[in-house]
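Here it is: the structure, laid out below.
Chain IDs A, B, C and D follow the sequence of writing; residue 1 opens each chain.
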Amino acid sequence: MVSHIGLVGLGKMGHNMRARLRRGGIEVTGFDPRPEVTDVATLEALVEALPSGKRVVWVMVPAGEPTRGVLAELGKVLTSGDIVIEGGNSHYVEDQERAAELAEKGVGYVDVGVSGGVWGLENGYGLMAGGSSEDIEALMPVFDALRPEGPRAEGFVHAGPVGAGHFAKMVHNGIEYGLMQAYAEGYELLAAKDLITDVHGTFKAWQRGTVVRSWLLDLMVRALEDDPKLAKLDDWVEDSGEGRWTVDEAIAAAVPLPVISAALFARFASRQEASPAMKAVAALRQQFGGHAVKSAQ
Amino acid sequence: MVSHIGLVGLGKMGHNMRARLRRGGIEVTGFDPRPEVTDVATLEALVEALPSGKRVVWVMVPAGEPTRGVLAELGKVLTSGDIVIEGGNSHYVEDQERAAELAEKGVGYVDVGVSGGVWGLENGYGLMAGGSSEDIEALMPVFDALRPEGPRAEGFVHAGPVGAGHFAKMVHNGIEYGLMQAYAEGYELLAAKDLITDVHGTFKAWQRGTVVRSWLLDLMVRALEDDPKLAKLDDWVEDSGEGRWTVDEAIAAAVPLPVISAALFARFASRQEASPAMKAVAALRQQFGGHAVKSAQ
Amino acid sequence: MVSHIGLVGLGKMGHNMRARLRRGGIEVTGFDPRPEVTDVATLEALVEALPSGKRVVWVMVPAGEPTRGVLAELGKVLTSGDIVIEGGNSHYVEDQERAAELAEKGVGYVDVGVSGGVWGLENGYGLMAGGSSEDIEALMPVFDALRPEGPRAEGFVHAGPVGAGHFAKMVHNGIEYGLMQAYAEGYELLAAKDLITDVHGTFKAWQRGTVVRSWLLDLMVRALEDDPKLAKLDDWVEDSGEGRWTVDEAIAAAVPLPVISAALFARFASRQEASPAMKAVAALRQQFGGHAVKSAQ
Amino acid sequence: MVSHIGLVGLGKMGHNMRARLRRGGIEVTGFDPRPEVTDVATLEALVEALPSGKRVVWVMVPAGEPTRGVLAELGKVLTSGDIVIEGGNSHYVEDQERAAELAEKGVGYVDVGVSGGVWGLENGYGLMAGGSSEDIEALMPVFDALRPEGPRAEGFVHAGPVGAGHFAKMVHNGIEYGLMQAYAEGYELLAAKDLITDVHGTFKAWQRGTVVRSWLLDLMVRALEDDPKLAKLDDWVEDSGEGRWTVDEAIAAAVPLPVISAALFARFASRQEASPAMKAVAALRQQFGGHAVKSAQ
């Protein structure tokens, strides 16, 4: 069973994960380009520090080029029997491609979707894994150290073969978009109504007994505690890519996704200074009816 | 058959309608508070100017209080056998209430949805009427003067009893919201793509042979002709009430209306300086992930 | 302080609430037309059973006519200083009308949105109240007995004047529609993908550490535990009225509600045997392209 | 200038296009595997039949494999200076890949989006072309024969370099989805209301004077003429791929597309026997409230 792993990437997520793994009794050798956080100077040094036999390296760097770069380097230094865990937010199709390449060298590949954000250090991380049963089995001590306390099945799933972990995480994030937008729309409607004299208190009162209680609701209460009218924030919302992939995937599978897509589009719109589409609607109204429009300033 | 009517309200719509009616051989006595456009000084004078027997007064003033006020005054001066035509954008339920009140005095009521905007003077107006067959029959010369040339059934419908005219017009406008938003979204996507070097030309090329050709498309081409990037316009779009009623009505009838409601909500959003809902989403992301947010300026 | 109340309506909700109130030390005299559950034979008997002075009657019957009927009867037998609590799902505007009528007799009115479903007996109920501070203050022992254990503010809010309780509950239910649809869309996408070999396990693994953890998620896990492919259920979903009111209210306030409205429309569509709108789209495609359509069977 | 072209694919579209090209004075040698419609026995024979110098072959076969196969074969037999026109519904990225391959041999590539359906033979086809100005210029006699009569710019656009034609056609089809759904939703709402006694007549009356008049509206009127309640049709609607690409493209460009995506999802839903998502919502309601659900039959 695995008791010592390498961890590449000690950013916001990786740094906390190293701490939680160590608390859970897993030895961790971490690598990061930033000298103030790294345990070793190079990726090669990290691999050399691991016990020979089934070496395990968890990759926790940004999706896309950074992940691809680290995996390519690991492909050079790892050997048959070793396992790579891709714990970032890779697209599941990339997992399948990377796994096939590494399999040619006998290196195993497991993809893990990790949820929990900055709270994971204390609460534990929800984990969704894809890979062979054999690889997953070997890694269970690692997963057990990271996941929340309580029954294993409430914080960890072996969702299917390679790619399934990130596919499940992608859908998780798509759901998350929908949930956040639902609370947000409710907030706007409450805040728009003078009749409601305590919007923060209303959200707060939903925390224990109602159908809508959730961790996101708890966070909403915290946010309103600090800033009851959200006056300190701009209405500008980034999207991380996984919401987009979720909708792309639904389109490929002919699955209707009205709520999740609406939540995604609301984020796109939030980042526009002006909406070209709504300019076009204004233009049409001006053309047919002489309706009032506003000139661009 | 009716050959002389009163017309109350000589604004953007009423003024043009008077002109088209007169061209079509209908005598019109118009009343408007503005001395420069009115034919008579008072509503009473208008009623007196009409031929006795079946007097007909077409009301063409803004929906809501103005219309209610004029109809109340007419209720006092008209008598059994006369007919009121409500040609504004009243809600169909109000039509039914007004008609019931006037019916107690023997005054008929016909509601007419009028479409065509500022172009109606030349093109004719699309007309949707609600009322009794007898009243509609008597008014056909008036409708024939207003509607476009060509077969009567392609510019006029007796859609049902009182209220049906405005209900049909309400749905017409709901459809209009959806159509405009569809073109607008297509515009935004074309304009976002550098590959397309001629957005205006693309819309223009759709005018004669394609599946999407329409009058609104022709207007879109005109708008882009004047201002190819719609740079002169703000992305601020009013809604007139009928889009809202359409969605309300669909909700009452349990009819799914995803496209028309999305078009309506896009207009609401276009008028917000900042979206409270998207502030809430930003707040949630900040809470759980330490994600980048923008502070309000 | 109030220690004995009347409770009208001992159905699915009222029956459990009586039990929880009694456990919490509140004396309850319940009335219901069904002899097997009622404590007294008539509404009059219920009122007589209450301690004189500030009598309190909680009404927990279906919204609409049943509630209106009970409130009208209570209006006859209650006297100045008494308080009615409307705990059903009345529309907040009706609350305001009823409260005004009762106020003429000096009878107080408090509206309370109650959330928690069949689980409320054990977990406690989330409560949102509208009314005067004086009335709410007097009723706090009752609310404390019903709400979940823990800090009062996490299970109870005085949201504003009369109507605010039901307005808050209406928005709560609108949010609930959006949350449920978000999970449901995610479920469909996971279930559509062969790569995911354990859909139930995936939902289960989200329960403790992830961003999407919630009570509804826990219920989803229970549902999939019983029936992993939901094969025993029809895809037919009722809507209770509050989702509709939420969207109506948003339209009145010009608040965009894309997610909650999409969730509502999905329910409407779920109850249609065939979609007239999609027949119309099929008809159009057949007209312009000779595209394949299916004939009605 | 080109006066004789090869045309590969004589199906529903190609067959009519050959006829219209010939009427317009363009010599056409057509190839199709079906002997009853083809002019020549093989693709090689088609190429040989063309005048030497700048040979032009228009490909009009189903998108995907069929188109790829024909283009690969043409790549073998065409030589420097020849031009291929891809007139099917290829994805614009594939155009760019194919063009690059053919350019290595000096063969030009022009992609043309063609709209008009079965009506194009009589009305002419709306054309959107992508390619070099030189190639487009040489092909104008061909485009002029196909496009509708009237000003060239109202039936043809050179939208940009290779890929722009199909990108424009893709957006055209996305708009088409939105337009069709808007009319369809309006139809459903009118048909649901007893107040409207003449749904067909209402659509018919919109044809000449209203804001919503269009070719699609004319087709709707035709469809309702044949079958006023659309009773002969199933509510099952295919999607052709271009709607999906439009939404994919919008997601890639962060362009909100609420209406077009809603129209696409409505088609997906129309083809489901039962909605897994709505089963999940039903399951949740059953879990928390003991709400009525329907068992699968």
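The rule is short, and it goes like this: a residue touches a chain if its C-beta (ideal position, glycine included) is under 8 Å from a C-beta of that chain, and two chains touch if they have at least 3 such contacts.
Computed from a predicted structure; not experimentally measured.
Looking at which of A-D and A-B shares more C-beta pairs in contact, the answer is the pair A-B. For chain D, the chain with the farthest CA centroid is C. As a whole-number value, the distance joining the C-alpha centres of chain A and chain D reads 38 Å.
Distance from the chain A centre to the chain B centre is 47 Å, each centre being the mean of its Cα atoms. Chain contacts: chain C has residues 117, 181, 183, 185, 188, 192, 211, 216, 255-258, 262, 265-266, 269, 275, 277, 288 touching two or more partner chains. Residues of chain D that touch chain A in their complex: 211, 239, 244, 247-248, 251-252, 254-258, 261-262, 264-266, 268-269, 271-272, 275, 277, 288.
Contacts from chain C toward chain D in the complex involve residues 12, 117-119, 180-181, 183-185, 187-188, 191-192, 216, 219-220, 222-224, 227, 230-238, 258, 262, 266-267, 269-270, 274-297. Residues 92, 115-117, 120, 123-128, 130, 147-150, 153-161, 163-164, 167-168, 171-179, 181-183, 185-186, 188-190, 192-193, 195-198, 201-202, 204-217, 246, 249-250, 253, 255-260, 262-263, 265-266 of chain A are the ones touching chain C in the complex.
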